[in-house]
Amino acid sequence: MTELLNATAITKRYGGITALSRADFSARAGEVHALLGENGAGKSTFIQILAGAVRPDGGTVTLAGSPYRPRDPQEAQRSGIAPVFQELSLVPDLTVEENIWFRHEPLSAVRTVRARAMREATLELFARHRFPSIRPDQELRRLTLAERQVIEIAKALSRDPKVLILDEATSALGPQETEWLLGLARGLADAGSLVIYISHRLGEVREIADRITVFRNGATVAAYDTQAVDDETIITDMLGRRMDRLYPERKKTSTDTVALGLRGFGVDHRLSDIDLDLREGEVLGVAGMQGHGQRELFQALFGIGGSRGTVDVWGKPKTIRSPRQALTGRDGLALVPEDRRNHGLLLAKSVRENLTLSVIQRFTRFGITDPRREGALVDEMIATLKIKTGTPEQLAGTLSGGNQQKVIFGKMLLTEARILLLYDPTRGIDVGTKGEIFQLMRDLAAKGYAILFYSSDLAELVHVADRVAVLRNGRLAAILEGEQNSERQILRAAMLETRAA
Amino acid sequence: MTVATSSPSELAHRPSRAAIWKSALLDRASLIIPCVMLIGLLLVYASLRDGVFTLDELNLDTAAAMTLILAATGQTIVLLRGGIDLSIGGMISLGTVLAATRFGTDPAQAAAWAFGIVAIGGLVGALNGILITALRLQPFLVTLATWSILSGTAMIILPTDGGSLPSGWTMFGVSTKLGLSSSVWLLAVLLVFWIWFKRTRLGIAIRATGSNERSAFLSGVSPIGINIATYGLSGIFAALAALYLTTQTGAGSPTIGKDYILPSVAAAVIGGISLFGGRGGLVGTIIGAFILTIIGNLVFVLEVSSYWQPIVSGIILLVAVLASSIAEKSARRSLS
Amino acid sequence: MNIRRHRAILLAYLGMIILLLLTSVVAPGFLSATHLRSTAVLAAFIGIVALGQTFVIIGGGIDLSVPWVLNSAAVLMTLLANSQDAPLLWIVPMLLAAGALVGMINGLGVAIFGVPPIIMTLAVNVILQGGILVYTGGAPTSTAPKAIQFLAVGRIAGFPVVLILWIVLAAFATILLSKTAFGRHLYAVGTSATVAEFSGVPTLRTTVLAYTLSGFTAALAGMLLTGYTAQAYLGMGDPYLFTSIAAVAIGGASILGGTGHYIGTIAGALVLTILTGLLPALNLSSGALLIVYGVVILVTVSLASEALSSLFAALPRFGRQRGPAA
Amino acid sequence: EGKTYKIYLSNNFVGNDWRQQMLRIAETVVKKPPLLGRVDLKIENVETTTQAQINSLNNIIRTKPDAILVDAGSPTALNPTLEKACAAGILVISFDQVVTADCAYKVESDWNMLPAVQAEWIAEKIGGKGKVFVDRGLAGAPISEQLQSGFEKVLKTYPGIEIVGYFNGNYALGPEQEGVASLLAAHPQVDAILTQGYGSGAIKALQDAGRPLVPVAGGGYNSASLVCAQTEGAQCILETNPAYLSAEAIKLAVDILDGKEAKEKHIFVYGPFQSTHPAPSKLYPDVKMQQIEIGKTAFPDLAPGLSLPISPDWVEITPQEAAGT
């Protein structure tokens, strides 16, 4: 079988930062080809080059034997390459269907969009690929991140691509949707397309990929058949070092002190009657199918949107109507939000400004900020989380996806709040750092922090959380502990009634 | 609906009908609210003056608002793109002086120049678009500069108000068909244009680029192309506004254009268009322009003493916008 | 100093220097100490109005009420003081507070009720204009008190008093923007109000404070300007609307918020003042003047544009091998 | 007859002292004989835009008043609207900034005579030779054009006089002062300054730059007169555009409505010049020129923005009434 896509010695620099240095990549039609590498390795940059969004400084690409040098994304689309971008390429003010068919809408004789045809095409596309049902006529801004992710996939598929690129397309998806996407990718490959698959979830990669290419520091370090290689080798190639274990040892560190007590907590019709105690020293997992109230729980606890019921924080009743009321130093609550680009990061501001935005008073004396103290905090956090940034002054928006997530995590840690609301904190983070973050969570718990932890990856909940609270239709369906805390049990509790309903 | 075994469950549980309605209303709040505002103003106005709900009133008010509406149409397109166009001030002035000095008495010559003026508007706008993209300058600065350059050109052609237009030309606004003045018909044409335009690929791309520039680019929108089209259209509508204006004034003026810069933005913003791009449409802008015009009528029939006139019009504007902002805010809160 | 962050500001100054050199070619007298001094004094008035405008724009808003806050303060000051110096002791603080209050009302309308800044401040501007006409009956007022005239045109050891005032204010603004929590919050709110809110930034207070400051500086500028012309007159604030916004924009700020600095605005104020000073010396017709004005603005700000400065950045790499396109 | 007429005054701009005084005089004069009880006066101000004035005039026309007086934002742009008013049988009188519509009466100052007399006075004062600055007024404004070309026409007849610089005074003190200051920096030598605004701004600019005072032409405002009277060595000629043009327009309207035929459709109102050094004009031998003098033409106790003279000869308006204090 001949190679469909062949890239050699691709180089891309951003000022002083080298994103890619002579990276090679080759893939065949009809395969799922995984592209792996730690955060900032250059995967997304490579994808953007293929997508025509970025022009390389050097190197050559051939597509089906002929030179391929897209001048802009449009040209890439015409060549049959459809990317699902890590940062998504959706427009908040267009509807779902307008987003999917953007730039290739069905046109009438007077060159206007045929709404009926577009609706039919959307439903047909959804049905053909068994998409989760999402109303095609809503504005995209009303969708959750997971829903947006799905629409981005639909958008790519709408072009019937020869090459489908999935850049961390599963990072915001729950187990079921992930399963669906893997099936979909497999199906496309079997039908003769090339699927380039980027993910930090090795399990998925193993399940689906035929071959794997690994990038490190912008260069290709390895390429192999999935069958012929074990996880340890892949991880070592990615990180450039060995990693002992992903999940930390779980020691019971929780005390009897209730850090966060909820009674009759609810958010309009989406969440109700939640009674829950989060203890000091505990990592309490939250699970559930997408859209069953997890994000409402986290946001409402942080003072976003209204809520009802009582909230006790460290034994005292507390009203939280805004993030400002939540973030009250060591006694407060801090959140890693779901939507990092719209809620978590000032993309146009530096890493430093982002990290310290919530804690300016920590380095302010007599009303004047002290750059040295700020610098110390920032440097420490960059080192702790291994944030890959040229300097602390690099704009957050130019960091790799995983490193953006690390900045948000660091920003939350700096608040010193001892109740942490972690909504999918490891989304898009590479295995190496993931392990470190889990370790950090356990260490913090041991220090008396209380952590509420949602993850779209059930394995993380099972291995890191002490207990897991499962939500179903906005209600608490079960609290699983010990033996009960397994992926199977979580899924059972989360879905049992959904089927019936 | 087909439920296949490998299809994931629905991402979210189904919203109720009421919730769907509510979100549909909310999506249109920025249009509904100015509508309510306008209706409220009209009711107050009608209680103070006879014959408000007649064709005559419609004809008069449309003529009064039409130049602003045309200017604001271009501005709307630019605002949807997330930009701003101050140069319409210069283009309107230039358009009126060209018309007043070049039309002559020969209808053919006048028609040729009318097309010429529209073409100049498009070219100047396209130039704005090119400068903004190529120099990566803020639209505010580029169009501030071209506003000045166009005004200067207008002033060289005609140093002060004057010139003349063919007598048939100034009859345009007065002539009626089926009881409706040609201004009303023009408005109808404009609405038809908009219904068409907003559903073209270009119309969608302009809105999308204003909503999220990066996403639009990744989806295949050409940055320079979109700017040329956006500002070009704005220039064309400024030229049309100039031509319409001359039917009302029968003369050229090298300074008259600046009167439409801020009001064109205000009309659009009242009509629900965000300066940050992406949201709103021409219908809102037209309503905004009528609101501004009706406020003038209202202050007239209120017969307030002359010094109080600006205060009263300011307060009416503020109260109307405040009421709508509060309504929209509480609607949003009740939803999420 | 971080070159990348401040490139726009540096280039605004570069533009200013180029303009000064150009000026000296056209009219050598322009580089005389006397004229530089009077240019700086005129720039000070724009600079002070644009100070508040800078804060508002960085925070993602815009203040169109500047003209009549300025004019009201000027008219009320001369009316109440009646050419006497003594009453200024209470009049000046009172009017500054009143200006700040108007700004605060703007800010509250924008931040609490979500009124678009353009409409809020436009309406307040019109209401103030009417209010002043009603209150004074449109009556012309007395000459400015001597003390105010001293502030505006007086000199201490040959150095204009108003410049000292400007320098103090500029230092204050710079510290506020660069060195305080308020400054950080303002940039955050201007970049993304949602992210700022999620980060615990007091978005409401921050926005209101920016507008308050703008009301304050507009009132201050109004009184100083009265000292300069020795009397208040209706319409004296009008030229300061677009000028203040343009100064901020030329100084490198985006009018959509989140970027910019007062240091840049200072250059913007100087560019505009030098330009309006230079143009009459060219002896052009009114029309030609407007054309030259537009072209010079375009050329000057182009210097500050990223496009040209990235060309700069690429210069040392010209020798190397180019990408696949080459 | 004694009938009361409904008269609208449409004014496009309220933002300067002159317009304010004009409006106050209109309001005052209808409360005094001979107009007492004859006029139901309604004033409609609009904010500067021509469009707003057109809209406002349309509203006025719909109420079918007896007469419309208009201080216009544009000499031509209101014509179609005003012609509509005439056609509806409404008497239209434009004053101050007049319109070109044929059917409208016009009441204004003589903008040919005013600049000519000032330029002649200046030229004679500097002995027919020297360098002068000329104010271009407000870019695009019709009166600015007339004043500028009026200055130039007379100055051209003196071969020794050279116009070395133009500035835009915008009829406001600040811009006048700034404009002259800039020109002074560029020109080491200047012998006279012709402004369209106050003149006092030019004097202040000369003083600030440490230059000797030169003859200055300006407008007849109390402040200008005061500066000329109180400044040692000042040489001024101030023209008058009387703010009581509104009163003249009202009186004309009542007279015409009463059935008195107006002698002409285009009526000029003349006010006296004021000067520190009055001199007869050869071009217009009939003009009156008053000596600038504290208490006669300049009043330290009155508002600086007051336009002089205050009253027409057929009615007595006090300075307090004119100043609104």
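To keep things simple, chains are lettered A, B, C and D as they appear, and every chain counts its residues starting from 1.
Criterion: a contact is a pair of C-beta atoms (placed from the backbone, for glycine too) under 8 Å apart; a residue touches a chain by one contact, two chains touch by 3 or more.
For reference, the UniProt names are A = Sugar ABC transporter ATP-binding protein; B, C = ABC transporter permease.
Keep in mind the model is a prediction, meaning the values are calculated, not measured.
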{"item": "Touch-network distance, subunit A to subunit D, counted in steps", "value": "2"}
{"item": "Mutual neighbours - chains that touch subunit B and subunit D alike", "value": "C"}
{"item": "Centroid distance [mean C-alpha coordinates] between subunit B and subunit A, Å", "value": "41"}
{"item": "Subunit C and subunit D: spacing of chain centres that average the CA atoms, whole Å", "value": "33"}
{"item": "Rounded Å distance between subunit B and subunit C, as computed from the means of their C-alpha atoms", "value": "29"}
{"item": "Computed distance of Cα centres, subunit C from subunit A, in Å", "value": "43"}
{"item": "Touching two or more other chains - residues of subunit B", "value": "155, 159, 254, 307, 309-310"}
{"item": "Residues of subunit A touching at least two other chains", "value": "none"}
{"item": "Where subunit D touches two or more other chains at once, by residue number", "value": "14, 23, 47, 139-140"}
{"item": "Touching chain combinations (by label order)", "value": "A-B, A-C, B-C, B-D, C-D"}
{"item": "Parts of subunit D lying in touch with subunit C, wherever the complex brings them together", "value": "14-17, 20-21, 23-24, 47, 136, 139-140, 164-168, 170, 172-175, 177-179, 181-188, 201, 204, 208-210, 223, 303-306, 323-325"}
{"item": "Residues of subunit B touching subunit C in the complex", "value": "82, 84, 131, 134-138, 140-142, 144-157, 159, 254, 262, 265-266, 269-270, 274-276, 307-315, 317-318, 321-322, 325-326, 328-329"}
{"item": "Subunit A contact footprint on subunit C (complex, rising order)", "value": "2, 4-5, 175, 179-181, 184-185, 187-188, 191-192, 194-202, 258-259, 313, 321-325"}
{"item": "Subunit D partner contacts - residues on subunit C that touch it in the complex", "value": "26-27, 29-30, 32, 34-35, 38, 42, 126, 129, 133, 136-143, 153, 225, 228-231, 233-236, 238-239, 276-278, 280-281, 283, 286-287, 289-290"}
{"item": "Interface residues, subunit C side, partner subunit B - complex", "value": "64, 109, 113-116, 118-120, 122-127, 129-131, 133-134, 137-138, 242, 245-246, 249-250, 254-256, 285-295, 297-298, 301-302, 305-308"}
